[in-house]
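Two complexes, one shared chain (chain A), two partners (chain B, chain C).
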Partner chain A sequence: MFLLALKMLLGDRAKYWMLVGGLAFSSLLMTQQYSVFQGLLSWTTSHMRNMRASIWIVEARVDQVNETKAMRDTDVNRVRSVEGVDFAVPLFQGVLKARAQDGSDKMIQMIGLHSGTLYGRPPRMIAGDITQLRLPNAVIIDTVAAEVNRLGAGMGRPLRIGDAFEINDREARVVGICETERHFFGYPYVFSSYDQALQYAPRQRKMLSMILAEPKPGLNEADVAQRIMKETGLRAFTVPQLEKSTLKWVWANTGIPISFLTTIILGFVVGVAVCGQTFYSFVLENLRNLGALKAMGASNMLLAGMLLLQSMTVGLIGFGIGIGMTALFGLTIAKSGQPPFLMDAAFVFEALAAVLLICALAALFGIRRVAKLEPAIVFRG
Partner chain B sequence: MGQAVGARGIVKAFGVGDARTLALKGADFEAREGELHLIVGPSGCGKTTLLSVLAGTLASDQGEVHLFGTRLTGLSTSEVTRFRCRNIGFIFQQFNLIPTLSLVENVSVPLLLNGAGRREAEAKAAERLQQVGLGGRERQLPTQLSGGQQQRVAIARALVHEPRLVICDEPTSALDSVTGHQIMDLLSGAAQAPGRCVLIVTHDPRVYGYADRISEMEDGRVTGVHAGESLSSFIHSENRS
Partner chain C sequence: MILFKRISVWLALLGVGAVVLLLRGQNAKVPNPGPVSEPPRSPYARTVASTGLIEASRENVKIAAPREGLVKRVFVKVGTAVKAGDPLFQLDDREVQARIRLLQAQVQSLRSQSAVDEALIADLDDQSKRFTRLGREQVATEDEVKRREYSLATAKARAKATLSATAAAEEAVRQASTDLDILTVRAPRDGYLLQVNLREGESAANKSSSESLMLLGDVDTYQVRAEVDEQDAVLIGGESPAVASLKGHSDLRMPLRFVRIEPYVVPKRSLTGDSLERVDTRVLQIVYAFDRPAFPVYVGQQVDVFIQRPQTEPAKKL
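On to the complex of A and B.
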């Protein structure tokens, strides 16, 4: 009987494709929007993966990694003096304007690394040597910065080692190219030494953005961070703590989660509405046939099973198409890197569960109708 | 011949309050094995309601129904469903074939409901289609057939699981005279099977000649039963009028 149930479903082509289409659209909306949202959230914490420090120390009022409130230079030594800190180095981070060869201004994410240790260096060099960063006016740029439409503007080609551009009327000469994860604001990364970065940045009374520290071997990072906070009054985070705090800040202070969640919920609602209505009308159109089956001895349980099978089948096919389209979208945009896209396996299963829930709800309307259906309906002309 | 169907004092009302209508007002009915039994009467007299109650597809408010010695009235809904599945074949006025299933799939439904495997069910269904003159068209869809052919498929479906009772609701009313007679020939043949009873609700006087017995209904009650000589004179008078 279950095979016949599927044939009944597939035989009504218009309804079948409307159901599959509605569920595919709903799945696409939910998974694509969630993947972009996840990608965007991952960008908010890309600093941490690009600089890979164990403990991040910031001014006491800073909540997230992309925010800076300058500290005094002496704060570095205060952190170094805390028991359990193996070493601590200053870090400059700020958004500056750079001038390309064609005279156009481009925003960059400037990172100034401690010259002695180069702690917080980018994860992967594509060309050049990181130690060259100690040379005067030397910078290492990421692949995004090197692009023709960024700092390569006017060159007719991407920037290479040896090319130069200006930051705040000072020369910046490229000594290396690295690969980084894209920053939340979309600005390309430009690394220099800490002292050099202070030269590039407009002068302020306090210039120290962050302090990066490493605990002594064998010590717990969270314990050392706690001790730093207690003894210096600054705020210290381990990587998971800073990630959590950054994401919490994004949720609390930006409209991003609400707007994405609204679309995701809308996807679910569209799925329920389209699938529920179409499936219910499919049941209504087949009511006489279902009544005939009931008269011939089909139990309510069997008919419910048939309706569930029909709805789950369109659910699985629709979800397959939807997730396929999302994956295709991800593969297409992966080349350009924008918008951010991070397809989370756990969410794929959650979305599948949501789609199957939609189908179960749709089937439920039909099952209720069929359960109440008197088989005697078939005797009424 | 033993009793196939017996009903005593069947009362059935629809609606509540002022809208309450008594469709059956204490109807008594009896049909025997090996019989083609017609239930006739004017529109609205309760024929279809009585048929639904006898088939176990509608519960009566009062009264008792016995089918082949089983008291249907005391059974639970699921027991009635199981009983119906095994013992009753249905032929509906509008055929009620599932349009997206092939003829052989439509006919195999009662066998599948009784637990047969798909291959076995389709083999038996194909045989039945052969018997009603539709051999070789097993894979066609009902929409590719004429009304008479669809009713033949419905007959094949009603008989495929060898039910003891065949219930037909106006089986010829949607058909022309020649096709109607062909359908009645098939049903008449089906009634010859040992231990079987064919029960037909109709107000088509053209088919009265096929009946072994006719129960006449009026205003929610069976007002007369005609068999033998009484049947001949009833048919004669009906045909004259």
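On to the complex of A and C.
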């Protein structure tokens, strides 16, 4: 009987493709937009993946990782004095203007790492030795900074180890190249030692942007962060807390989430509209056959089951094709990193649930029609 | 199964495969690379962290000359380790030596005079005794007897005067010897000669205050001036033990001995050296001493200092 239902579905090629296509398009729209949205949001927290630390300590009024309100130098020692802190190091973070070889100004994201430990250093080095950051005027740039249209301007080629550029009229010599995750602001990362970064940055009364800390082994990060806040009056985040706080800030202060959500909802609505109408007209066309089955004694439950099977089949196939297209899109742009793209495994299942909901809704219209159907219709006209 | 005859099903399965591939690629996380060197860690469970500078343990001694004079000998070189009392340099002593020789000759002459005096006294004593006997026998006159007695008394008094003069002359010799000793300048305490600005043949005039003849310092023990944020000052509990580690080499640790807490809280020294700098942080300075470790340390180096925090919290009063 269910085989018959599938035959009925596949027999009508035009409607079948219309249903699959509509659902595929709807899933593509939802998952691709959501992935781009996720990717864009992940750019706002890329600091936390380019500089690794368990606890991030910032000034008391800082809500998100890209914001800097300077602290006093001695605050590092105050954090070190908190019980449960294994070690803590200072970090400078700021957007500075660099001058490439051809004289053009480029904005850079300057990161100053603690000179002794270089804690928070970029995880992926492509060339060079990170410890050379301790040399005078040494910097490590990321692959984006090295590009010809960034700091490589005027060189005719990407920057290499040994090349130099200027930051605030001071020489910066490249001693290494690393790979970083792109930042929301789009500025390339330039790493130097903390002391050196203070020389590069315009002088201010307070220069310490952040403190990176690790809890003693066996202690809970969140507990230690809580204790740091209590004892120093600064704000301490674990990585998930800071991510959450940053994303909350993005939701509250930018229109990005609303615009993406609108597109995702539209995808859902288009799916419902296309699929619902097409399936309903498919049911109407096959009303005679269904009536015949009913006349032969098929119960309403059985018929409903058949319709559900049909709609779920197109749903699964359409979703598979749609999400496949999203994945292909993601795989294609993975190298360039533009536009941002981050597929969320949980959302794949949420989108599947949404698509199956669309199909269930579509089937519901048909089932209502079939349930009211008089078997006698077969014998009329 | 009729479904598998359809290309759409295979497309859908392919799509699911692509998703798995993408998610696996995305989830490949690079682990935290960790610190490149040992980070400054506290050896204590409860600590007050601070930073400090290495200083020489006591003020350096500028060695001075007792008087002006020509330098005869220099006994030390830069870097010589000396003990308290060791000679450092000697001024020209010819004049004093000559004076000593003269005074010694005077002593000698006075001693000869004493011998003459004794001989004279013996003679007069003998005469006096004989005339006294002759006087009793009415042979000599009373005048003759008295004359001999007075001669003897005069000779005795003269001999006494000569002895006093000898003692005075001997004292003068001792004084001259002291003068000689003063010309040799000795180390006032143990230490190392950090500077020697003196050569034989030069005049040891005391130079201006900025320059010294010799600079004696102590580099066996150093001290660390640890600066604690004033907000943490309350956590310092008297003579707490502490540990310092060199900046950038936190595995090189030096145990510290408490010396004192500077009772006056000072503005934080900023190492940028900008004179226009405004300071909003004041720090409590705590001085610790430590012996010269096995690895080289230099005066002026920065260190991370961890001070043990006492078990009991300071009492909170309202």
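Of note:
Going forward, the second predicted complex is superposed on the first by the 377 of 381 C-alpha atoms of A that agree within 3 Å, B and C clash if a C-alpha of one lies under 4 Å from a C-alpha of the other, contacts with A are read in each partner's own complex, and residues count from 1 in each chain.
By definition in this document, contacts are C-beta pairs under 8 Å (C-beta built on N, C-alpha and C of every residue); 3 or more make two chains touch, one makes a residue touch a chain.
Because the structure is a prediction, the values reported are computed rather than measured.
Once the two complexes are overlaid on the shared chain, A:L198 sits against chain C while remaining clear of chain B.
In the superposition on chain A, contact of A:L3 is made with both chain B and chain C.
In the superposition on chain A, A:G186 contacts neither chain B nor chain C. In the superposed model, A:P240 lies in contact with neither chain B nor chain C.
Contacts of A:P123 after superposition: chain C is touched, whereas chain B is not reached.
In the superposition on chain A, A:G154 contacts neither chain B nor chain C.
When both complexes are overlaid on chain A, the residue A:E374 reaches chain B alone and has no touch with chain C. Set side by side, chain B and chain C differ in how many residues of chain A they touch, and the one touching more is C.
When both complexes are overlaid on chain A, the residue A:P136 reaches neither chain B nor chain C. Within the superposed three-chain model, A:G297 lies in touch with chain B and out of touch with chain C [touch as defined at top].
When the two complexes are superposed on chain A, the residues of chain A that touch both chain B and chain C are 3, 7, 10.
Touching chain A in their complex are the following residues of chain B: 48, 51-52, 55, 57-58, 78, 81-82, 84-86, 88, 90, 92-94, 96, 98-101, 105, 109-110, 112-114, 118, 169-170.
Against chain A, the residues of chain C that register as touching in their complex are 2-3, 6, 8-9, 11-19, 21-23, 25-26, 30-42, 45-51, 227-229, 231-232, 235, 247-250, 268, 270, 272, 274, 277-278, 280-281, 283, 306, 309.
On the side of chain A, the complex with chain B involves touching residues 1, 3-4, 7-8, 10-12, 286, 288-289, 291-299, 302, 374-376, 378-381. Those residues of chain A whose C-beta lies close enough to touch chain C in the complex are 3, 6-7, 10, 16-17, 20, 52-53, 72-78, 80-81, 83, 86-87, 89, 114-119, 121-124, 130-131, 134, 198, 203, 205-206, 214, 313, 316-328, 330-331, 334, 342-343, 345, 348.
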